[in-house]
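Chain IDs A, B, C, D, E and F follow the sequence of writing; residue 1 opens each chain.
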Amino acid sequence: MSNFTRADGRAADQLRSISFQPDIAPHATGSVLVSFGDTRVICGATIEAKVPGWMRAQNVSGGWITAEYSMLPYSTHDRKARDISRGKADGRSIEIQRLIGRSLRAIVDLEKLGPNTLWIDCDVLQADGGTRTASITGAYVAARLAVQKLLDSGRLKENPLKDSIAAVSVGIVKGTALLDLPYIEDRDAEVDANIVMTGAGQFVEVQGSGEEATFSPAQFSELLGLAQSGLKQLAAAQNAFLTQHLLAKS
Amino acid sequence: MSNFTRADGRAADQLRSISFQPDIAPHATGSVLVSFGDTRVICGATIEAKVPGWMRAQNVSGGWITAEYSMLPYSTHDRKARDISRGKADGRSIEIQRLIGRSLRAIVDLEKLGPNTLWIDCDVLQADGGTRTASITGAYVAARLAVQKLLDSGRLKENPLKDSIAAVSVGIVKGTALLDLPYIEDRDAEVDANIVMTGAGQFVEVQGSGEEATFSPAQFSELLGLAQSGLKQLAAAQNAFLTQHLLAKS
Amino acid sequence: MSNFTRADGRAADQLRSISFQPDIAPHATGSVLVSFGDTRVICGATIEAKVPGWMRAQNVSGGWITAEYSMLPYSTHDRKARDISRGKADGRSIEIQRLIGRSLRAIVDLEKLGPNTLWIDCDVLQADGGTRTASITGAYVAARLAVQKLLDSGRLKENPLKDSIAAVSVGIVKGTALLDLPYIEDRDAEVDANIVMTGAGQFVEVQGSGEEATFSPAQFSELLGLAQSGLKQLAAAQNAFLTQHLLAKS
Amino acid sequence: MSNFTRADGRAADQLRSISFQPDIAPHATGSVLVSFGDTRVICGATIEAKVPGWMRAQNVSGGWITAEYSMLPYSTHDRKARDISRGKADGRSIEIQRLIGRSLRAIVDLEKLGPNTLWIDCDVLQADGGTRTASITGAYVAARLAVQKLLDSGRLKENPLKDSIAAVSVGIVKGTALLDLPYIEDRDAEVDANIVMTGAGQFVEVQGSGEEATFSPAQFSELLGLAQSGLKQLAAAQNAFLTQHLLAKS
Amino acid sequence: MSNFTRADGRAADQLRSISFQPDIAPHATGSVLVSFGDTRVICGATIEAKVPGWMRAQNVSGGWITAEYSMLPYSTHDRKARDISRGKADGRSIEIQRLIGRSLRAIVDLEKLGPNTLWIDCDVLQADGGTRTASITGAYVAARLAVQKLLDSGRLKENPLKDSIAAVSVGIVKGTALLDLPYIEDRDAEVDANIVMTGAGQFVEVQGSGEEATFSPAQFSELLGLAQSGLKQLAAAQNAFLTQHLLAKS
Amino acid sequence: MSNFTRADGRAADQLRSISFQPDIAPHATGSVLVSFGDTRVICGATIEAKVPGWMRAQNVSGGWITAEYSMLPYSTHDRKARDISRGKADGRSIEIQRLIGRSLRAIVDLEKLGPNTLWIDCDVLQADGGTRTASITGAYVAARLAVQKLLDSGRLKENPLKDSIAAVSVGIVKGTALLDLPYIEDRDAEVDANIVMTGAGQFVEVQGSGEEATFSPAQFSELLGLAQSGLKQLAAAQNAFLTQHLLAKS
């Protein structure tokens, strides 16, 4: 790694400060305010006792997970108009919420969820790069809190979560591979990748993209390694938070 | 007043616990998380350096204030679908955001705002009755914080706020007039009123309504009196918070 | 009251000329063209033998009343674009139709309506201030005519209407409280209020609002008194029309 | 013609009773309530001092005519949901309003209209077959009244109307060719045609259609003849009404 | 007929070169790429084992035919924005797809179709005038191919097609009546008509229209004659293609 | 690689039959019908002499590339409803068209495009897996043909394309890594990846995803290798086709 200096003084392979504030939205089944530095996302997990129409129509057993992602209007320096004011959903938001949903479904045993939908809502309160990766990382925590409440109340018999998941961004800025990019770096990145990985180290999603640039297989390999190291730390942080929080409640 | 007992033990003329958490959304010009008991609303005030199309078309000088109100999906016990998923704005939300906008405009000197729009966004994080009155009360605080930042930075020359405003709900439940109703009382109320008043005690909006009932002029008069007493306390709470917070910053 | 002169020469506490032209839309169950001076609204009441989806889903017995309000494109001096051309409903219209629906429901015994929806449609043919109050006043008359037809045909067993309702606007113009404002006064009013009252003198809705001004409790009290006196006259006019018209038919 | 008996006793080649009630919507530039028997349509013609965006973009000189057609919810025996409630315009309405617009444009010298749009609004108050033909026939009358007002006020220098137009329906019911079909005949017609013709006897639109049937060239020829005779009477009725009404005003 | 010279050298009463390329969309039940000169349209006929909601609600037996028409964005010289990007369906497209559906239904025995919907999709690949008439002509061929596949597989017991249909445009350009107009002639036509006729010579739809002109009964009669002669040739071309193609398959 | 047998008999690392049919839509600037086995996509590239609003607003120089992707209703065995009929764009389509646009922009020098938008339209005529990778591969060919026409006509001075791009899908089915999956394999794949690469072997997009499964870094590495080998063949096929076709034209 080169001796590149980051605006916030971090090492190239260092995460931003990560934190979880539980029960931010007490009416959700589980909720958390996740922070990756100045990026903060409200993650709510809410159970609903029905499944989507297509599952009923096709007689599919088990449950479903649907995610919705939105940036609150005041999350950005220039106010972002609401989807409903613009009259249609934002293409980027649709892409992100599909990613969040797929990621969660990869670690959930949908049969054990029973005939329920687990709604995952991620609303960005403050945006400073990496909102989709913070969302996925927080969504898992909110889902785990929701599952615990459903197990405690007897509404679920078994934990449907097979593993944990977290996500992180990596990118190449001026030729240097960096972990967990804030907006100022993300804006200037030649390559941008988002990696979703389980606690056990299996990939769930790998997405690398060069908007106005391309990247070599070797560069991509370096980015993947950087992401894997960050994702191990995120899994540990999730685990530490959940262990302490769920113990405190029991 | 009868010896009616409220679920939360309050006196009939007693407000819920009120609090303001500033800077909940740091990218807004001003923001606050306002709580009326278990009702919590994120209020953001964001300045934008242009005015609506109809003002430009009609060559109206000065600025404008537009409000948007939304309930986050996890703010209610049963998840509330987003407007964009339902494909159209919610009639109740439209009514509320028009009320918030009118209320703020009544205490603002739009000329002093210059050619700017002040966007007021109220997103309900937790709903337990009185979300519109908490929104207006918090919106004023967010607007005051935004104005201070704009005065400090020199973007505004004079404070365009002529007074403060706050709002409170009153209602009649089983024949008893009550102040600041939580959901459980609001659901059973025969009459429901929302009053918006300035710090100086002038009315801005008076709205009383009986969905499946009617009310006598005497009852309405009692409700107005109850609201006025509550609104004085709210104005004092806003003032105390702002004095302390703005002092701490200066 | 001051010696203020109104454009149309009326006394401050005088209504405009009120009239009802029945059966304007013969395919409705009941209909009337109501006039408050130059404000004219087509009010249709149409019965439909089903209830809204949410009532069926929640197994609520009885019927429902839904109101829709619209300004015809040629009702204003500058043509008003249709909602469908603008692609979305007008916020003001939504607010008004919710008000009309709530007002009607307050005087109807929904159980006696049976498993039916009574649709109230108010389409403004000519707008000169007070379109919402003329709409409510005419909607009651259309509903009463519809109920009579349903009683006569045996489709309803009992009259579900518990009382009559009417509505009127009051406002303060250049410091003077005025009853039933035409557009030219409404445009300049510092305070604008709309009051809905039953024939028996009970309030159904009280809405007072100062767009760029505030008002004192004493002013509001004066406005309420003025409205009450106008509403008694409107109730008498409704009653006289209906008595004569229903007699003529029987 | 066979000795077929019509429900309302008319001869096969006889029009329903035709009438025009002027100034039904006084805020329009010109307006009329046209009746073809129990089919009644409010026709408003409103001038707007601008042309559509595509004319400005392509720098086309002269003016434009745009028509909108809608059935009021209470115009039919079963209430018809508004377009805005259904979320999209009705295919049939779009087809009809395009027809009305094209028909009017065929007799107007758009250059003489100046840089203005003449909006033609047709709202069906009561539907009993032939709403599109009554709309066109009334739209011409409303347009003529609007033109007169614009000539009188000096806003137009020359009359842009080159001729009159009227429209009528013809159809084949149980093998018999009939003129001006009410709903009960229209519903059972094997063939349905709508013809638009100028006062001078030139065709503007000829539309014949068999929904679940076909028709021979000879049958079509008979229908055209029937329509031509009815259209001459309609042109005479328009002319008589306008002559008397415009004289009375001058 | 005058000695008018057409841009492509055809006689006034001559069709453009007509061709049918079968199975252009193999996943449709039947499909064809139809060409009228440089106008090319993909016509797909797809069977779906259910009927529209209104048929189920009204308990109507038999099947239904629904048509959809769209111009692909690259079918015109200036790219045509998609409906979904514009946010609403195009008025002209709605008119055309209603015409295609009505035309097909006129020759189909809906009872014999069973409880199925036959979807007719016409997507214009290249537009050079006459896209609606090419669509109808191709739609019949696609429907015939679909019916054959359904008969062969035993899903249909009897052929529900009672006759063939084809459509052609005719128009008057500089006073001369012309058959099958390409864009360059259509653009300049004073009168434009589209005629739909069965193989047996019965009319299904006759639509003649003068956008900024009118036409005499004699001119219309000449146009109808021209269309009839072209439609006989089109019916023969359909028949020749289908005979050869269905033979080749059997 | 295991001795897994594919339904179509291909080796695990073998592409389907690839072909390009040029000028499928002659009104586009460039167009091609690309086939990957039974997956066939119409790709049109159309130049428009303006740039998006946000570029003008921000005064960005150069041009832009926007892609739209759609599945024609008859492209699938069960008819797929059009977006405009469903009232909103399909989430999956939005994701794909964003991918196509980003991919093309990575190899284009937007400055050399001048103040133009190059519209890329991909409409799936027949869907059998890999529609997004066929779309990107065909979109490049259509863009190259469009660029040649613009260079030949002098509308472009220099070729803005810096390299070629192609895309291919890879996936793991029953533990075996496979190249270029048809629908039947795609449906059963545990892991699905889409890779976009330039002719020079640089990555543009790497997207790997396990809907209800996860995958190891080693598996992902194997998939990447398989994709790279397939992408070299695709680049060669594009080059061979373009060389021959452009030579033939010159």
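Methods note: contacts are C-beta pairs under 8 Å (C-beta built on N, C-alpha and C of every residue); 3 or more make two chains touch, one makes a residue touch a chain.
Protein names from UniProt, one per chain: A, B, C, D, E, F = Ribonuclease PH.
Worth saying up front: this structure is predicted, and the values here are computed from it rather than measured.
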{"item": "Target subunit F, source subunit C, minimum contact steps", "value": "3"}
{"item": "Set of chains whose contacts include both subunit F and subunit B", "value": "A"}
{"item": "Chain whose Cα centroid lies at the greatest distance from that of subunit A", "value": "D"}
{"item": "Equivalent of D-E within the choices B-C, C-D or A-B, defined by over half of its residue contact pairs recurring", "value": "B-C"}
{"item": "From subunit C, the most remote chain by mean C-alpha position", "value": "F"}
{"item": "Rounded Å distance, subunit A centre to subunit F centre (Cα mean)", "value": "28"}
{"item": "Rounded Å distance, subunit C centre to subunit E centre (Cα mean)", "value": "51"}
{"item": "Geometric centre distance via CA averages, subunit F-subunit E, whole Å", "value": "33"}
{"item": "Overlap residues in subunit A, where contacts from two or more other chains coincide", "value": "87-89"}
{"item": "Contact graph of the chains (line, ring, star, complete, other)", "value": "ring"}
{"item": "Complex contacts: residues of subunit A adjacent to subunit B", "value": "24-28, 31, 38, 42, 44, 46, 48, 68, 70, 72-79, 82-85, 88-89, 119, 121, 123, 125-127"}
{"item": "Residues on subunit C engaged by subunit B in the complex (per definition of touch)", "value": "88-89, 91-92, 94-95, 98, 102, 105-107, 110, 163, 193, 198, 200-217, 220, 224, 228"}
